[in-house]
Amino acid sequence: MAATAERALGKAASRNGERTLGVASLIALAVSAALSLVVAPPDAVQGEVQRIMYVHVPAAWLAYLSFFVVFVASIAYLKTRKTRWDRVAAASAEIGVLFTALAIALGMLWGKPVWGAWWTWDPRLTTTAVLLLIYVGYLAVRRITDNPSRRATWAAVVGIVGFVDVPIVHLSVVWWRSLHQGPTVLRLGAPEIQGTMLLALLGGVAAFTITYAYLMTLRLRVGRLEEREAREALSPIVEVER
Amino acid sequence: MRTLPRTPARVRDAAVELRGVTRLFGPSPALARVDLSIQRGEAVVLRGPNGAGKSTLLRIVATALSPTYGGGSVLGFDLATEREEIRRRCDLLTHRTRLYEELTARENLELFARLLGIPAGRVDEALERVALADAAGERVRMFSAGMRQKVAVARSIVRDPEMLLLDEPTTGLDDAARHVVERMILDAAAERRTLVIATHHPIAPELGARVVSMRDGSVEAGA
Amino acid sequence: MTVLGQASVIARKDLVIEVRGRHALGTLLPFAATVLIAFGFAFGPGRDVLDRVAPGLLWMAVLFSTVIASRRAYQVETEDGALEGLLLAPIDKAAVFLGKAAAVTLELLALVLAVLVLVVLLFDLPVASPLLMIAAFVLGVVGLAAVGSLFGVVAESARTREAIFPMLVLPLVAPVLIAGVRATDLAAAGRSSDVLSWLGLLAAFDVVFLSVGVLVFGYLLED
C-alpha cells in the first residue's frame, strides 16, 4: 500500500521534473540560438557560415557523450545485471545516433562552402562517421534476439568494445590524414575563439546537454513502460518483482 | 534478471534445488515458476507432452541456459554464480551430440580429456565400454545417429560426472546404441550418481525412478 | 590446464578441422583471388593506378576474407551444437576466444602469403623491406582475427541477419585497415622508420582487442 503510494508520488515528481527539463531545454536552446545568430560576431575569415559551429560542435560533443554513457551503462549492466542499466544504454544509443547523424550533416553543410566539397575526410568528421556506424551496429545487435537478457548482454559487449575502439580509430585517422597536407586545411573551427564566440559555443554545449538529458528522461520513461507492459503480459503465469 | 540471495550453505544432500525458475524465450515462458528438489543419488524421470519444458529444465540445470527469473543450486553450487563448478560435475546428453564431424571419435574424446586434464587412458576405456574401439579412428561424419550417441556416452564416461542429465536419449537410436545408453544409465544408478531423464519411452524401468510430470512450463506432480 | 594451454588445444582442433575440411583452400583462396581480379578490372588496366592501390587492394581482400574465415570458425561449432559443448566444459571461456582467434590468425596468414604472391605478380608490388611487411601483416591479421572471433559468436545465432556480422566488424577494424595499408605501402617502398609507428598502432590495437575480448567473451557465450 505504502509502496504503491510511494511509486505514484515518484511518478508525479518525475513527470514534473521531466516537464521542467523540457522547458529548460527549450529556453536554453532559444538562448543559445540568440547567442549564436545575433550576439556573436561573424568570423573574420569564414563569415556568417562559421556560425554552424555553434550547433555542429555541441552536436558532436553530445555524440561522444552519449556513447560514453552507453559505455558506462554497458559495464554497469554486465556487472549488476540490473535492467535499468540496459535501458539507459539503449536510450543513450538511440539519442546518440541522432546527435551523431546531426553532427555529420552539419559538418558537411559547413564543409561545402568552406572547403568546396561535401566530404574531405577531415579527421574528426571521419571518426564521427565511424562512430555512427558502430552505433548503428549496436542498435542492430539489439534486434537480433528477443531474449531480453541476451539482447542486453550482447548489446553491452558491443557498447564496450565500440567505445574502446573510438580513440584508436581517431588516432589512426589523424595520422592518416596528416600524410596529405594538401591546400591549407581550414579546420572546422576558428583560429581563436574569443569572448562572445566562446560564450555562444559554451551556450550551445549547455543547451544540447540539457536537451540530451530531457530526451533521456523521455526515452527512459518509455523504456520503463515497455518493460512494464512485457511483465504484465506475463503476469497471469509469472509473478515477478522488479 | 532477479538475483536471489546466495545459497547459504552447501546442502550436501540436494543435487538440485530450483526455486521459482522461469525461462522466457521472447514473450512466452518455456518454464514458469518451477520449484524442484532432487536428492543426490536419486533417479528422476521427467514426463510430459512436447512443449512442457522438459528440455529447457534440463538445460537450465546443466547451465546451458540461465533462468530469466528465479534461481537455485545444483550439487550445492549456485546457479547464478558458480556455473563452472556445476559444469565440472554434470553432463548433459541430448540428441545433439556436440561432436565435430571432421574429427575421429577418439579425437573428439581426447579433445575433452585434454581440456579437462583427464588422463588419456580413460578415453580407451570409455571406447571399450561402448563397443566403439574398432571405429574409434573414423571420422564422426561417417557415423550413424546411434554411433554418435555412443560417442557421446563415451564422452560422458570420460567426464565421470556426479550427475547425468539426459534428454530423450534413446530417440531414433538403433538397438545397439539404445542398449549402450540404458547400460550407462543403470551403471550410473548403481554408482549412485544422480540421474534426471526426460523421456517419452519407458527407460530402465527397473530403476524405480520418481516421476515428475510437466505441462506448459510447470511441474504438475512429483516435485 | 592453463588458459593458454586450453586455448592451444582449441586452436589445434580448429586447424585440424580446417585442414581436413579443406575449406580455406577450397573457398577462401579462390574468393581472395576473385576479389583481387575484380579490383583489377575496376581500377585498371592502367598500371600506375593499380600499382598505387595495390597495398589497399591486398588489405581489402584480407578484410573480406576475415569475415568469411571468422564465420566459418563458428559454423563448425553449430554442426551438432558443438559450441554448447565448449560452453559446458569447465574451462575458461577466454580460452575459447583465444583459441579461435589463434586459429583464424594462422588461416589468414596462410591466405596472406598466397595473396601476397598474387599481388606481387598482378600488380608488380615491390617488397623493399620484407620483414617489416610481414610484421605489418602479422600484427594486422591478429587484430582482424580478434574482432572476428569475438563477434563470430553473435553471427551464428539463429535469427541473425546476414549483414550484421560484417556491419559490426568492419567499422571496428578501420584502424587496422588504415595502419596496415600505410605500413605495407611504406615497407614496399623501403621507408623503414616510418613503418614503425604504424606497426606500433597495430600492436596497440591487438593488445586492446585481445584484452577486451578475453574479458567479455564469456558473456557472449552464455545464454
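Think of it as A, B and C in the order they're written, each chain with its own count starting at 1.
In this text, a residue touches a chain if its C-beta (ideal position, glycine included) is under 8 Å from a C-beta of that chain, and two chains touch if they have at least 3 such contacts.
For clarity, every value in this text was computed on a predicted model and none was experimentally measured.
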Would you say A-C or A-B is joined by more C-beta pairs in contact? A-C
In terms of CA centroids, furthest away from chain C sits chain B
Taking each chain's mean CA coordinate, chain B and chain C are separated, in whole Å, by 37
Any idea how many Å lie between the Cα centroids of chain A and chain B? 47
Per the C-alpha means, the centres of chain A and chain C lie apart by a whole-Å value of 32
Chain A touches at least 2 other chains through residues 147
Enumerate the residues of chain C that touch no fewer than two other chains. 222-223
Interface hub residues of chain B, defined as touching at least two other chains: 66
Within the complex, which stretch of chain A touches chain C? 78, 130, 133-134, 136-137, 140-141, 144-145, 147, 150, 153-154, 156-158, 160-162, 164-165, 168-169, 171-173, 175-176, 179
So in the complex, which bits of chain B are touching chain C? 62-66, 83-85, 87-88, 90, 92, 94, 96-103, 107, 111-112, 114-117, 139, 148
The chain B residues in contact with chain A across the complex are 1-3, 22, 24-27, 29, 32-33, 66, 68-69, 217
Would you pull the chain A residues touching chain B in the complex into a rising list? 81, 83, 146-149, 230, 233-234, 237-241
Residues of chain C touching chain B in the complex: 1, 6, 9-10, 13, 16-17, 20-21, 76, 79-82, 84-85, 87-91, 222-223
